[in-house]
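For clarity, chains are labelled A, B and C in written order, and residue numbers in each chain start from 1.
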Amino acid sequence: MILEPLPPKILSVRRIPNADPALLRAYGADPARHRSLGLVTVDQDDPTYVALDEATKHAPVDVVFARSFYAGSAHGSGPISGEILGVLAATDPDEIDEGLAALIRCLEHDARFYAADATRTTAVFPHVITALGHYLSAQAGLAPGEPMAYLVAPPMEATIGLDAALKAADVRAVKIFPPPTETNFAASWLTGSLEACEAAAVAFAEAVVKVAAEPKGRYL
Amino acid sequence: MVRSWVGRGSLIPEPCRVNTRQGRLPHRPPPLRYRVAKGRIAGSMRLAATVRNVRYTFDTVGEVMAKANPPKSGDVLAGIAARDAVERVAARAVLANLTLADLRNNPAIPYEIDELTRMVEHSLNESAYAAVRHLTVGQFREWLLSTAVDGMRIRSVSPGLTPEMAAAVCKLMSNMDLMTVAVKCLVVVRANNTLGLPGRLSSRVQPNHPTDDVDGILLSMREGLSYGCGDAVIGVNPATDTAESTAEILTAIDKVLKKNGCPTQHCVLSHVSVQMRALDLGCPMDLMFQSLSGSEAGNKAFGISIALIDEAWDKMKHLGTARGPNVMYFETGQGSALSSAAHHGADQLTLEARCYGFARRYDPFLVNTVVGFIGPEYLEDGPQITRAGLEDHFMGKLLGLPMGCDACFTYHARMSQDELECLKVLLATAGCTYLMSLPVGDDIMLNYQSTSYHDISSVRRLTGRRPTPEFDAWLSEMGIMDGDKPGERFGDPRVIVP
Amino acid sequence: MSRTRQLIDALRDQMGGSAPLPPPPPLPRVAEPPARVYPRRAEEKSAYAREASAHTTALLGIGHVGTRYATDVVLQFQAELAVAHEAVGQELPDDWAGKSGLISLQSRVQSHREFLLRPDLGRRLSDDSLGVLRTAVRRGVDVQPILADGLSAVACMQSGLELLAEFTKACEARGLSVGTPMCAKFARVWLEDEIGYEVQAKVAAILLGERPGLGTGDGLSAYLVYAPAIGKTDGDRNMMSNIHARGTVPKVAGDRLAVLSKAMIDQRTSGVALDLSHLTAELGEAAGRHHRAPQERVRLVEVQS
């Protein structure tokens, strides 16, 4: 089966109700506004960026820290390191709980990679965010509430896929992340109307599947 | 002679020396304690069970033990088996409600007439026994099976168990029960190799020859080593039971092993008295062997006694050539006591357990049951031989022995080659310490079918097991194995220099 | 359900859903594995197998495929196993003894399965046979030979009569009187004790099919006991095994057994107590109490090409 969902695994979720100011500052929070932190590690980084953004739509939290780990979850520093550490900050612990609940819901039911081949060795992330939260909107230079296609695949697949996506609908690239990223994938963020973003994501996924099935085209 | 089990690294604290049984002195026969107890148990109220409104009563604990045994042709031959499956269940129901203390109080052969019974009684670890004496056999089975009870816990109570207790709980267990508990029991021993570590499966190379032709023995041994076999022992059953012949075979094997730097042990399985004379001749001998029986009379038929094996062990500790500390090798097998009419009316499973009670006195390096060798009059067919192999392995491990198995059949037993192959995989899965190995499994001297050189590497691959660490490294060095896969010289006997 | 998941589900359907991938390219032809191992002709044997066959009948130098046997070895092994099982499974026909000119006896065993499971019954004569023995048989002889099925009726029927004849001839040549020829069905070794006692023989000699080994269902063993009577043990007996075409042939075995019988009568004992040291010339390697003749392994499966 192709395009089989590969659900992310949440490897750890912890809360610091009353964090030390030095720690807050080191992780990009503002001790004047933030007192509590929510931390999560997951074995898929891009779905987590999406889920962190989702959290900002459901609770008064800020994403103060989110970094992918080098070479991906297969090379984690420990069994719960995963591929990413994401940190939410808020004024009190209840808000953190609300934010984490939204984040977990998103990871469990929405954002995920898919297998681009039958052997589940190529992963593709053709995700459509219907309305951005204030985390990714700031990163992308878009307004909160706008739609965005969040497209990730390995280098060759992502490059061919991006070209297909740009040509499939009336979308524009707001950011392109050529390889190598921390996890050695390549990614791009496209925006346009919601329908255009959806058409772009589908075209991206289709192109990735085809490259994975026939990596050498007609040449070899 | 009272032996302290604490000395062998058991987890039991120094045993409580306060004697809880009035009037009993160590080293002396106990008073009428068990006979009194026997009278109490033998009251008809206790040895009875009702199945589908039919009441089954039993006269003695021995009768309960015999009738609770799974079907064995040997028990039928002895006239002590349950008459049908329902009576068997009734006996098991009674057995399940006896306590371990009841079993200690009712040994299979009376204290007065059997030195094995006396030895077990005197050397039992009282503090380990006190920890479990109150359990019924049924509860003991459940305790052994429970997830929280690991090998260390089992090992800690093992010195407090009499062979009869091991036999009793065995009768309440299914084949998979036996495997589930046995695989928990780790028994690690060392001579030149370290045997019994987790994830390991060892093998004896058995290069027997009908006329003890030393060249023929060495040719077969070299082939066995080239298949990765032989880390338990190179063990030859001699056709001629003389000290000179034993010494000649050992010397020849020793030379080849040394020349090739092969880390294993050697042994010639002649009578223990013959091996003692061979030691006097000054030959190398890593392990000393003897077949054991489960009663004093059975051992007498084998020409041995506790005193003789004590002497042999002592001699071996001084003159043996293995690094040690474990230097003895014993073989057993259900039915041996009955075959010399030395069974005292006890069932063959219980008598087999008593062999292990005997063997554990000597901290042996190897103990194996030769499970299908004795013939169909004791174990009739594939299911009985399979069952007995798993039983013997379980009981040996439970009693703290590095238990291996010669999974085999004679050609007049009703067992197929396929069934035998299955048994080997079951045993390995149950954590069996070692199996035998011969060319095509065919013993050209003893005329029976056992495990082949090819089977050992196959079973290891199937169950993800490796030989002893020392031997494993040597196999890699020789190019015989490449990790867990056959290496470039696998099966090429010329890799072993003659 | 999430919007992205709906989109991707639709795309999956559009792209052929969970349909299998296009067929893989045709596999290259598998090369025949090298011919190996248990060879058809001696000159094809591995060097190691040739060297080994001079010293042992164990199947050595047979190679391997992965960790298992080559097909050729499997077939040889299964043929040998079949021969052994066939020998064990075959029953001596009730009329065989009569047709062969022998007195027909039977132990207390009633069926073949009972024979395997009840050695105690195979050691005692049935009441009928005891009656026959008391009326129709010569008594007070030096040697009473008893042909028997033991664990291989095949061996008994194959070379039993020849061994019996050679043994009888060899005994008579040494001046020993020989009892009425007889054959016992469902017989264990110790049956000779009761028979020998009943006919008042000095030596009882049971010649019976031995427990088959792999590929050898035709071997006979002989167990001799002096002053036979119920209660004799194995220590009281002398035995010779592997009596067949590839081991000790019946002619030689008959001679040696006669030498043994004569020695027993001369020394009035048998088993452990019997001194054979002065007879090594006549007995050869059979001077030991438990002599097993070496044998050779025969290829059993031949495929016609």
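Heads up, the rule we're going with is that a residue touches a chain if its C-beta (ideal position, glycine included) is under 8 Å from a C-beta of that chain, and two chains touch if they have at least 3 such contacts.
Just so you know, these numbers come straight off a predicted model, no measurement behind them.
Undergrad: Shared touching chains for chain A and chain C?
TA: Touching chain A as well as chain C, we find no chain at all.
Undergrad: Where the centre means the average of the CA atoms, what chain is farthest from chain C?
TA: A
Undergrad: Per-chain Cα mean versus the mean over all protein Cα atoms: which chain has them closest together?
TA: When every chain is reduced to its C-alpha mean, the one closest to the whole-protein mean is B.
Undergrad: Hey, how far is the Cα centre of chain A from the one of chain C, in Å?
TA: About 76 Å separates the centre of chain A from that of chain C.
Undergrad: Roughly how far is chain A from chain B, centre to centre by C-alpha average, rounded to an integer in Å?
TA: Going by mean C-alpha positions, chain A sits 60 Å from chain B.
Undergrad: Just give me the whole-number Å value for how far the CA centre of chain B lies from that of chain C.
TA: That pair's centroid distance is 29 Å.
Undergrad: In the complex of these two chains, what residues of chain C are touching chain A?
TA: Those in contact with chain A are residues 1-5, 7-12, 15-18, 20-21.
Undergrad: Along chain B, where are the residues that touch chain C in the complex?
TA: Contacts found on chain B: 73, 76-77, 207, 209-211, 213, 215-217, 219-220, 223, 227, 239-240, 375-377, 380, 410-412, 417, 438-440, 442, 444-445, 447-449, 454, 457-458, 461, 486, 490-491, 493-494.
Undergrad: Once bound in the complex, which stretches of chain C touch chain B?
TA: Checking each residue of chain C against chain B gives 48, 51-52, 55-64, 66-69, 73, 77-78, 80-81, 84-85, 87-88, 116-120, 151, 211-214, 216, 285, 288, 290, 292, 294-295.
Undergrad: Could you pull out which chain A residues touch chain C in their complex?
TA: Residues of chain A touching chain C: 1-3, 5, 109-112, 114, 118, 126-128, 130, 198, 201-202, 205-206, 209, 213.
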